[in-house]
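For reference, chains read A, B and C in written order, and residue numbers begin at 1 within each chain.
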Amino acid sequence: MMKSRGWVVYPLLIISSLLLFFPIVYAFLVSFMSGTDVMNRSFLPSIWNWSNYERVFETVPLMRYLMNSFIVSTGVMLGQLVVCAFAAYAFAFIPFKGRNAVFLLFISTLMIPWEAAMIPNFLTIQAFGWMNSYLSMTVPFFALAFGTFLLRQHFKTVPHELMEAADIEGLSKFATFYKVVLPYCRTSLVTLGIYGFLTTWNMYLWPLLVTTNDEKRTVQIGLKQLQTVEVATDWGVVMAGVIIVIIPTLLLLFIGQKQLQKGLTQGALK
Amino acid sequence: MKKMIYTIILLVLMVGMLVACGNEEEAASETPGTSGEENTDNNSEENTANNAENNTDSNEKNANESEASGSEPQTIEFWHGMGGGLGETLDELVEQYNASQDDVEIVAEFQGSYEELLTKFRSVGGTTDAPALVQVFEVGTKYMIESGYTTPVQEWIDKDGYDVSQLEENILSYYTVDGDLHSMPFNSSTPALFYNKDAFEEAGLDPENPPRTFSEIEEAAELLTVSEGGETSQYGFSMLGHGWFFEQMISTQGQDFVNEANGRDGNATEAEFGGEEGLKVFEWINSMHKAGSYEYYGQNWDDIRAAFQAGQVAMYMDSSAGTKDTIANAPFDVGVAFVPHADDIDPQGVIIGGASIWMANGITEEEQAAAWEFMKHLQTAEVQADWHVNTGYFAINPAAYDEAIVTEEHEEFPELRVPIEQLQETVPSSATQGALIAVFPEARQQVVSAFEAMYQGMSPEEALNQAIEATNHAIETYNRTATEE
Amino acid sequence: MSSSSVTVVEERILQYGRKEKLSWWGKTKNFRTAMLYLFPSILLFSIFLFYPMLRTVYLSFFLTDAQGVASLFVGFENFAYILQSSVFRKSMVSTLLFVLYTVPSSVIIALFLALLANEKLRGIGFFRTILSSTMGMSVAASAVIWLFLFHPTVGILNSFLNIIGISSIPWLLDPQWALISIAITTVWMNTGFAFLVILGGLQNIDQHLYENAEIDGAKYRYQLRRITLPMLSPTLFFIITITFINSFQSFGQVDILTQGGPAEATNLIVYAIYRDAFINYQFGTASAQALILFILVFGLTILQFKFGEKRVHYQ
């Protein structure tokens, strides 16, 4: 029965994939185009050349930025895993007074737009002396309501036989946490890890604010650096920048897609 | 298997902790001395008067430190908002300077758009995180003067006996307030009219005699508009959604933008562009828009340029900084002319735009001296010639126009001279000096919104009124807190 | 958000607690342990979200001077001003319209794609990867690409339209179209994440349900209505909530594509806040708007939980 559906599904899949993936493919094509190709609305570059990429690396210290993005994203990923896992454990397994209220408080943080909190946070960062430091781009993002929620939902699916066994063995709460709960819920941990990495990699206004030199800057700022106001923008170069910036995240997504998808549902489901 | 997995996770957790701790140590070593922290606190809570005291305080400390450090080159941080090719040119200038001497190293750092740059400077101003030099766009001038975070360059001009008369008077006048030059002009430009000469010929217009007045433009735009079966393939005229162009139309009529002599005799309290001068501009654009010879391409510089390059619009106004690119990229002959002016008036000229460089006051005298040397270096005819040729911005020092590279360039692109002539012919007055208001960015936005509302069918009077009211509200709100101090 | 939130383990712990006569110290043991685990989160939230939020509340009652310092107490004047300001009203209308444009279409498109990608066909892994790709795209990169696609002169979207005989659309230039253009960009960016979540949800549905239905000879559409959608409802509820909240907070795409124009048509609320705070330096009115936004999103989310959860089918 499934097979008979194939001839309806394939064309639909192909069309949707083409539509959805088109902007990325086109950005890739434009990144090889000369100014005249761009003006002529060409679909394919008339000559494939790498000069736009060379220009990008000349204009912006992109390798350094990529490195910084990598450090910051990894830092946030790890920090989020630790902080969110702790919080989720409390919400899932410790029936304390006022749990619902605290949980609501956590969820309410989802509704605070980060842009609205940016100025006070900037002043805080400055008072801490965290300007131009990886700390300012990582620590504020360790606590994450979405991540806590995701992990809590998965933690709750831990079979109670397992928990009982842990209890009988006389494991302490913390031991239960890292010997039983974490291994059982590794899918969600991986999911949150990928999610955290991706979202951090993609931040753009905040890293620009808290860094004042190239030392600690991330790649999204490089994208901004390629655009100008009073003189013409070179679209080929900008698109080359775009491609360089998205390659790492797309790769990560392609590799981790299965895990990500599994973990995300465990969070949503129960 | 299971055991292995949780060992890995545990490891990950531990590494996470380690990274966090490691970072903390690193930050601790990066944290500037206590003097900086004191300043930070004061800065966020108290106002300028206190800061000044603290600054002298920290100046002394810093001075001692730098004396001790000996022969290391002094580092001068310079924040700018020049992206893309402009940034590259600037970096080259800085590199050349650094290579030319051993005492000072200028570190140029890109900080985002002008708005982001100013926001950031506002937040770190008066602290040790602040740079020695910062580039600020022209409409931020009033804010910078009042911020208390800067030293007027006039102090150094006087101390050093620097001859400012060698610099372009009509550019200096914008940054001169109460007789003092507050910042060093750096990248200055004015608008100019750009037109498609080929299209002019096709329409039977004289490409060597471009239209100058509103009604001449309107007539030409009518002739230049090409449409077939309701589809217009070429529009006559367009104006970017940016308040700067409207300001030129006001100034060239000799009208101030705000009262108190454009805010230069005292704090402006009211917008003054709402009279017949402003209305003339709104009505002029509206009438072309209604007639179908005008098309709006939004607030993005690139979009209107692309439209011109593609032959979709035959005349538009652009920054003089883009002149060379526009001519070089266009597949047709490009003409450059003075900005249009209202009928039956004597055109007064244009106001400059762009940005200037400010000197921070939270740094040592030595650092200021080094920063000042760099500023002077930027104004030499050689550097200015380089800058002018590579970017299209004016040479602040007119002597640069006699440099060989410039004369060659001007021979190749004679159109480059038009904006320079336009600037030099400008009649000095408060109107062409440009307005000094703290809420300028907001006022500009309001003007653009008013134009856009008019394109949607609002009457010119109503649209102009809307801009006036919103601008007045912004000025009023600002003045309430400013007088409170 | 499950109603059966107390698991067996928790009950056991509760009973355990009840059996012994406990002092206050003993009774709060759980609370104290929980706080230990929650401490890092609470600390970080307090510093980087709750404190700024309180500061926002404080600032909303003041006018700030050029240095951004609250210098003049004005009571509710900021609120009164923005509530009667036409710019703010317009911004609210645009935001609500934008949410209306983006949330249903993001979820429906993602659902459609997930249903397609849930078929067990050869090479389906490849399609899944492609369809989830926009999740890896940053706002900055996505918006720059779309800016180029929408470009009035060099944009290729209009070329396509012209080829199939439709005249060019003023994507970012006409107020109505501009909002739609931003919505298209946003939906595109949302799709990857929503697709992944929904696909995961589909794969968690017990295959036996379908097998039984096949035996009964049920048609695809019947299966979809009676099995897939009810079983998927928790996932859908989750993704709707997340998309909804994110939609209200859209910022980057506006900043890059339109800067709130033309004629303020895309001046979405978070962008309006940013503009007041960063460009106009009016922290007072910016804070007041931020507060109104927070209350609005909070209220709507609670409503959504109230009414939405009833329709969600839990296993």
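Just so it is clear, a residue touches a chain if its C-beta (ideal position, glycine included) is under 8 Å from a C-beta of that chain, and two chains touch if they have at least 3 such contacts.
Chain identities (UniProt): A, C = Glycerol-3-phosphate ABC transporter permease; B = ABC transporter substrate-binding protein.
Being a predicted model, the structure only gives us computed values, none of them experimental.
With respect to chain A, maximal separation of chain centres occurs for B (centres as means of Cα atoms).
Top contact pair of chains, counted by C-beta pairs, is A-C.
Chain B and chain C have CA centres that are 36 Å apart. For the pair chain A and chain C, the distance between C-alpha centroids works out to 15 Å.
Listed for chain C are residues 68, 153-154, each touching two or more other chains. The set of chain B residues that touch two or more partner chains comprises 44, 116, 119, 123, 302, 306, 309-310. Counting partners per residue, chain A has 39, 82, 119, 139, 224, 227 as the residues that reach two or more other chains.
Here chain B touches chain C in the complex through residues 43-48, 115-116, 119, 122-123, 125, 143, 146-147, 231, 241, 296-300, 302-303, 306-307, 309-310, 312, 438-439, 441-442, 445, 448-449, 452-453, 455-456, 470, 474, 477-478, 480-482, 484-485, going by the rule given at the top. Listing the residues of chain C that touch chain A in their complex gives 2, 5-10, 12-14, 28, 30-31, 33-35, 37-45, 47-53, 55-56, 68, 112-113, 116-117, 119-121, 127-142, 144-146, 148-149, 153-156, 159, 188, 191-192, 196-197, 199-201, 203-204, 214, 220, 234-235, 237-239, 242, 245, 248-249, 251-252, 255, 270, 273-274, 277, 283, 286-287, 290, 293-294, 297-298, 301, 314-315. Those residues of chain A whose C-beta lies close enough to touch chain B in the complex are 35, 39, 58-59, 74-75, 78-79, 81-82, 85, 119, 122-123, 126-135, 138-139, 178-179, 182-183, 186, 189, 208-209, 212-214, 221, 224-234, 237.
For chain A in complex with chain C, the touching residues are 1-2, 5-6, 9-10, 12-13, 16-17, 20-21, 23-24, 26-27, 30, 38-39, 41, 43, 82-84, 86-87, 89-90, 92-99, 102, 105-106, 108-121, 124, 139-140, 142-143, 146, 148, 156, 160, 163-164, 167, 173, 198, 201-205, 220, 223-224, 227, 235, 238-239, 242, 245-246, 249-250, 252-254, 257, 260-270.
Across the complex, chain A is touched by residues 2, 5-6, 9-10, 12-13, 15-17, 19-20, 23-24, 26-28, 30-32, 36-37, 40-41, 44, 77, 79, 82-88, 107, 109-113, 116, 119-120, 123-124, 127, 129, 131, 189, 301-302, 305-306, 309-310, 319, 321-322, 325-326, 329, 354, 391-392 of chain B.
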